[in-house]
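Below: a set of structures, written as structure tokens.
Okay, so chain A shows up in both of these, paired with chain B first and chain C after.
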Partner chain A sequence: MEPLTWTGELGDILDPLLGIATLALAVTTVFAILASFVTPTPRITVNPDGTAAMAEGLPGLVGRAQQNALYALIGTLVAYIVGGIALGWQGAGIIGGMMRAFTPVWLSLVALFAASIWFKRSLGLYGKLFDSTIGMIGFGLVMFWVFTAIFGGVFDMIYTSDPLNQVSGMKNEPPGSPLTEDGGYPFYLLGGDTLARDVFARMVAGSTIVIVIAPFATLFAFMVGITLGLPAGYYGGKLDTVLSFLANLILAFPVILLFYLLVTPEIVQTGLPAYMAMVLFLAPLVFMGVLIWSRYRTQPNRAWLLLALVLTPMALVYLSVINADDTPIDFWPLDFFNIPGGILVVFVSVVFVNSPTVFRIVRGLTLDIKTRDYVAAAQTRGETPWYIMLWEILPNARGPLIVDFCLRIGYTTILLGTLGFFGLGLPPESPDWGSTINEGRKLLSIYPHPAIAPALALLSLVLGLNLLADGLREESLRD
Partner chain B sequence: MKQNPDYDGPILEIDRLSISFFTRLREIPAVMDFSVSVQPGEAVGLVGESGCGKSTVALGVMQDLGVNGRIVGGTIKFKGRDLAEMSQAELRDIRGNEIAMIYQEPMASLNPAMKIGKQLMEVPILHDGADEQAAYDMALQTVTDVKLPDPARILDAYPHQLSGGQQQRIVIAMALMSKPSLLILDEPTTALDVTVEAGIVELVKELGVKYGTSMLFISHNLGLVLETCDRVCVMYSGEAVEDGAIAEVFDRMRHPYTQALFRSIPLPSANKTARPLVAIPGNFPLPHERPPGCNFGPRCDYFEAGRCDAQPIPMRDAGPGHNSRCVRFEEIDWDAPPEASDKPPAPAPGAPVLKVSNLKKYYEVAANALTGGGEARVVKANETIDFEARESETLAIVGESGCGKSTLAKMLMGLETATDGTITLGNEEIQDKPIEDRGPSQVSDVQMVFQNPFDTLNPSMTVGRQITRALEVFDYGNSDDDRRQRMLQLLDLVKLPREFADRMPRQLSGGQKQRVGIARAFAGDAKIVVADEPVSALDVSVQAAVTDLLMEIQREHKTTLLFISHDLSIVRYLSDRIMVMYLGHVVELGTTEEVFAPPYHPYTEALLSAVPIADTHVVKKQIVLEGDIPSAMNPPPGCPFQTRCRWKEKVPGALCETEVPPMRNFDGHQIKCHLSEEDFASMEPVIQIAAE
Partner chain C sequence: MGLFILRRFGVIVLTALCLTFIVFFLTNLYPNLEKLAKTQANARMSDDQVVSWLDNRGYLDPMPLKYARWLGVAPAYVRTGDDGAIVFNRCARPGEEPDEVGRYCGVLQGNWGFSTVFRSDVLDILAERGWQTAKLMFWVTVVMVPGALLLGVFAGMREGSKLDRSLSTVSIATTATPEYVSGVIFIAVFASSAVGLRWFKGTATSAMENITFENFTLPVLTVALYGMGYIARMTRASMTEVMTAQYIRTARLKGVAFRDIVLKHALRNALIAPFTVIMLQFPWLLNGVVIVETLFNYKGIGWTLVQAAGNNDIELLLGVSIISVIVVLVTQLISDIGYVYLNPRIRIA
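And then the complex of A and B:
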């Protein structure tokens, strides 16, 4: 079979269109910037129906041209997607093949957006996100990878071939190369890597790992940061001084060195990572326990029931997680599963890097919110300090925390890549994006494609998270 | 440079001004058909509740309406020239030079990183091209004019080194530096204490005479306008509803809104049983939901369908220089007394429920927070407080910020423990019991209503949930259903619809939030409710309703109300006894009549004189206190008030400076002062109601 071109026959029509649209957008944007320098501030006129309108002038004209160029560009891109889904690799080349592979993702995205926009007035902050273009783009990018992770990792609906399977003769083949063997997907859409594995398949499989680990690790960092930040801000005094000093100490420590220390065999033998994990994974249990008890302390029966319901499964999971063979902690008979040591390292380092910053944010917000009258009201009716911290203060600090959470998942994703790049964290054959980039780097000047595909994926996810955080911040400030 | 120095027409002429703000959804008219003119040397007051458009008028005069605000009709003429036709450069020249503005928050008007002198000197250097030495001399002169002590030192200080009152004086000085023709004051004293406010008002009046400046005085406080202005314009929902000379509008009002406003504020003639305050029913209309015809129609007692809501109502002549925007003002009997109340008289105070004796609270402030080392300093927040509160009695605690009233409240609530002395609640001493050690019933016995309605409710919990939580903590009922029933009853009690249980606090107005706060405080049938300025942040018309509600519940539940306030008008209206505090000391304690009549403690005398009263019949003695409240960290020796007392010379020797005065007892009326019996006897009443 012939190798595939990037856009196939569809490209004969769409490629020139894409070029024209991009050029038009670039030219109009430059014009718009120039026009804003020379023209005076626009005059606002009042329409009879009581709305105000900006007077049309040179800027208005350029602005409209710019908008049309943008629509044309978006239209062309959508045509690639729709054409690709319809024609597949047979008619639309590599792009077509990938677009068709992502069909379930596209359908889910369309369904999600349609439903969200339809019901956006009754969905609170999430609904308001759909008033902001930036937020929608960010949310779209993030959800693309989330759906890819779900359909690729859970239902196995996306792929193509096994990400670990090596096919002889496919080593470092360029994108669109036909497979030398029969059976399975007939092409390596994004080429093969140095071990003759499918780059596209590895990118899709890597998304599952990233999407599962990054939010979880960030969540742990938040739990630790919140659990320490709330009392530091609420009580103040010596406790605050000590905790803030510790946070500064960790922030001042070279992180990379810390990562290396954590995986050094001598350190692993002392069981330090295992002990650290023991403390770390206890945080959610403590958090949930205090949360429930402080709320229901006046009704002990209900409190005990809820605590049992929530904490028993959590405790089982916790014990299974911290118990592992060949580590100092190995006492629990019902050890359902083991977390690979690498992932433990990932969690510990993510928490170490992120929780001091989260601590500072939470502490600052707490200092502000504890002066409010509703906190005083809670104090005067004899609430416990932890009730006040978790139920009166924390919910009102949620806005900045949600935004920071989004941004921090982005950082964690990059950190995951960094760790993978250093060969720490996940096992070497793992298809996660960081490790893949690291592997591809060795032959970057000759065969760039094995590194570029996961790098672009990582870029788009982090960009999406940042845009999403921006949109959330913007919309949460509006009424 | 000044324009038209020889111009002698009206300084400011606003003619049928309409201002709108444009949003993505609709036009929001903020000011409609507003006319006023300010003559040279005249002070015009602009009165109205929040959201009525009075500040928008000021911004319109400054031509500073932002991106989405626009003048959609009418003209603003300054010294005969239309401001809308001026270029940006001309406007810049006028702002700050010929029209100066003073805002509510003084700290926000001063640059915190620049010395006072430098900021003042900028004005003549920028507008008149003065050289540095001339500018400095001018700054020194103006600071002396605003009566700040030691002007040279003040010029060398940073804004944060001055007190709020001093900062506001600097802002006024800065406004006066360029000798403006028009001064716009936007609530200039709202953020200040009463006695400081009195000083500023006095200063503004004097300077108006001295510099011949015209003034536009924006305020929600009718009493303050009475004291400062020659003419007044009352605004409601974007329109001027009545304007005219002060005496004319205050005594011969010709608009129902003005009348309702006067009936809802506690004037000396009001009385909680015989002539209670009348709240204005309903709510202020949102700008885009104004009714047709008269904006005040839906809340008006004299509303007549078909006439009041038929067409826009123009301003009409109601006497010489007096206009009213009411179609029916000729038909209304303006002298008819308000309907007599049928409220049962308050029950007589019963047995004492709370006894406080010799209570002290000292705080130790370590010099170094990290190690706790250094020399510890003692802040004496409360000194030897003695009082008693009886069942179903209202005891008012009056004093300015920093007098220790909040510390007292905290000790009662159990948030702080006493350094010395006793608090007896029922039969138990609770001064050493922090709130964690008090049982649910003891906690629910003493509850609190807070000041700021926007802060008193947790914004992320429904109203019902917040009340139910209080019931849970107070161990009320056995099941969720019990508590829900009780919560709904509490909403009935504070006259809120039951649907509010599922609303979020942001969907409620300020007055409604305050009602929920009251419901929460009474959730456990509190015996003592500490109300910390519960109405001071609310609009006048809502204040009356909330005050009324509080008293009604008190009457029913025989609650003891400790009413903390700095507003003596409202205190006079609702309290049975008054306790005046200054710098941690109780300086005077007696029944309301006793405190409001001589003999006075010198501080009470000053406080009474400082409170603006919106009644032209009231004649007040002018007593303006010099200086500021001393810091509690470093209180003066002897009598706490001696640094500002005007009676000090009457006491022989240096007794005031060396010895804390004893509590003197005049048949239950207690005064902490060294003055002799003769001096007390020579005191004249501060507030007198002139004969008609």
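And then the complex of A and C:
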């Protein structure tokens, strides 16, 4: 079989269109910027009947042109996707093949966006996100990878071939090479890596690892940071001094040095990460316990019931997680599952690196919010300090925290990539993006494609998260 | 001011002690020592032999004592023979007589140990590699700081304008591109022999002797780009805040030209906050430097760190961590002091 071209026959029509649209967008953007220099404010004219109208002028015109160019570009990209889904690799080359492979992702994205835009007025902050272009683009990128992770990792619908399968003769083959073996998908859409595995399938498989670890690790870091940051900010004094000193201590470490110290096999052998997991993973339990108790302590029956309902499953999961066969912590008989090799260590070190920053943010917000009137009112009512912290201060700090949560998932993704780039933690054959980049970089100047694909994937996910955070910040500041 | 600096200095010394102790503790855990014994003496040693080898060199003493010896505040480990003569002295280098060297040899005495990978003195290695990294950092600063400030000032000059939107998106994009991603893309586009443009070189090994535009552009750009976005966003935030201040409005109503407002009135106040950010960004650059030096095979401190950590070279790793801890803490101090100097609203008694 012939190797595939990038866009196939579809490209004969769409490639020039894409070029024109991109050029138009670039030119109009430059013009729009220049126009904003020349005419700073739009002119206001007063009509004879007393109403005022704002003249569109040059900036408005250029702005409209820019918007149309953007629509044209998006339209062309959508045409690539639709054409690819319709024609597959037979008519639309590598891009077409990939677009068809991602079909379930596209359908879910369309459904999600349609539903969200339809109901956006009744969805609070999430709905407002769909008023900002930047926010929508970011959300789209993030959800693309989330759906890819779900459909690839859970339903096995996207893989063109097994990410660990090696096919002889496919070593370092360029994108679009036909497979030397019969059966299964006939091409390596993005080529083969140094061990003759499918780069595209590995990229998809890598998304599952990142999408599972990054948000969870960030969530744990937030639990730790909130549980320590609230009392530090609220009580102040010695507690604050000690905790801040410790946080600064961890922050003063260069991250890579810390990783090298924590994630080496020798340290894992001592069981240090297992002990750290024991402490760090306790934070969500403490958090939930205090959260419930401080709210319902005047109704003990209800409090105990809720505590039992929430904490029992959490405690079981916690004990299962920290108990593993090869670590010093192996006492619990009901060990339901073991987290596979390396992931726990990576998880712990990422949480450990992230928590001090969250601590600092929460502490700063608490210092600010505790001077407000409603906190004074709660103090006068005789509420307990923990009630004030968790039910008065924390909900009012949610805006900046949500924005930072998005940013921090992106940063955690970068950290995971860094770990993989230095070959730390995860096993070498793991398809996560960092490890794949690390493997591909050795032959980078001869065969760039095995490293480029995961690099671009990581870039798009982190960019999406950052744009999403930016959109959220803008929309939450608006009112 | 003097008291403030003194107190900050005290905190810094305490932090440095804690940090080095943590690194010392982690690198001197038993599995690391076992690996050291096996690489230094004999890979097939039995467990008993490992213990005796370590014991004979003082590695199995209590951790605080070992740390004090390493610092140079406790006398080094010596082993005396049956006749009372010193037969082993940690301070003695290969080729030196154990009873002729001093009893104190630690970091404070300038004795940073001996690298097992490079077979030479740690301090010498660090001086050589540090100089390479300093060159890289210098060029990174030269590219990054003006670039970031320009981006930020132009974006924050008119909040919400097209220029602001475009530049803000650019700075978001750079913060979303970690060094190992941008480096890989740069090499593929500009240096790849397969498809790329071949404008630059994909390795910076030759830049260690002779820096040229061709071999040093990509590493510098890679480090600078990631740090740039963050500083630019902070500058933008500070600039927009200043531009909405009362005195700027007064100047505008007075009829001062927009250019003069930006250059003469706004800029100086808007650059106070970014100063702190830039100084605090240096520790983060260290991360980038490690990645870039590994990716471009440029043998500086970052490369040394990777080699030391990967080969269980305990004393070299400790040396590298001292350097990085010093860099972090000194930049923190400079940023604190500089902030007080630059901002007349803060006066510390």
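We take it that the second predicted complex is superposed on the first by the 453 of 479 C-alpha atoms of A that agree within 3 Å, B and C clash if a C-alpha of one lies under 4 Å from a C-alpha of the other, contacts with A are read in each partner's own complex, and residues count from 1 in each chain.
Everything below uses one rule, namely that a contact is a pair of C-beta atoms (placed from the backbone, for glycine too) under 8 Å apart; a residue touches a chain by one contact, two chains touch by 3 or more.
None of these values were measured; they are calculated from a predicted model.
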{"item": "Contacts of A:260 with chain B and chain C, given as first, second, both or neither", "value": "second"}
{"item": "Touched partner set for A:116, first chain B, second chain C, both or neither", "value": "neither"}
{"item": "Partner chain(s) touched by A:338 [first = chain B, second = chain C, both, neither]", "value": "neither"}
{"item": "First, second, both or neither for A:374, with chain B first and chain C second", "value": "first"}
{"item": "Partner chain in contact with A:434 - chain B first, chain C second, else both or neither", "value": "second"}
{"item": "Per-residue touch tally on chain A - higher for chain B or for chain C", "value": "C"}
{"item": "Chain A residues contacted in one complex by chain B, in the other by chain C", "value": "none"}
{"item": "Footprint of chain B on chain A - complex, ascending", "value": "44, 46, 50-52, 237, 241, 298-299, 372-374, 376-377, 379-384, 392, 395-396, 398"}
{"item": "Complex contact set, residues of chain B against chain A", "value": "20, 22, 26-27, 68, 70, 72, 369-370, 413-415, 435-436, 438, 440, 443-444, 446-448, 450-452, 455-461, 470, 472-475, 517, 520"}
{"item": "Complex contacts: residues of chain C adjacent to chain A", "value": "11, 15, 18-19, 22-23, 26-27, 29-32, 35, 158, 161-163, 166, 168-169, 172-173, 175-178, 180-181, 184-185, 187-188, 191-196, 202, 258, 283, 286-287, 290-291, 294-295, 302, 305-306, 309, 312, 317, 320-321, 324-325, 328-329, 332"}
{"item": "Residues of chain A defined as touching chain C within the complex", "value": "29, 32-33, 35-37, 40, 59, 63, 66, 134, 245, 248-249, 252-257, 260-262, 264, 266-267, 269-270, 272, 410, 414, 417-418, 421-422, 434, 437, 440-441, 444-448, 451-452, 455-456, 458-459, 462-463, 465-467, 470"}
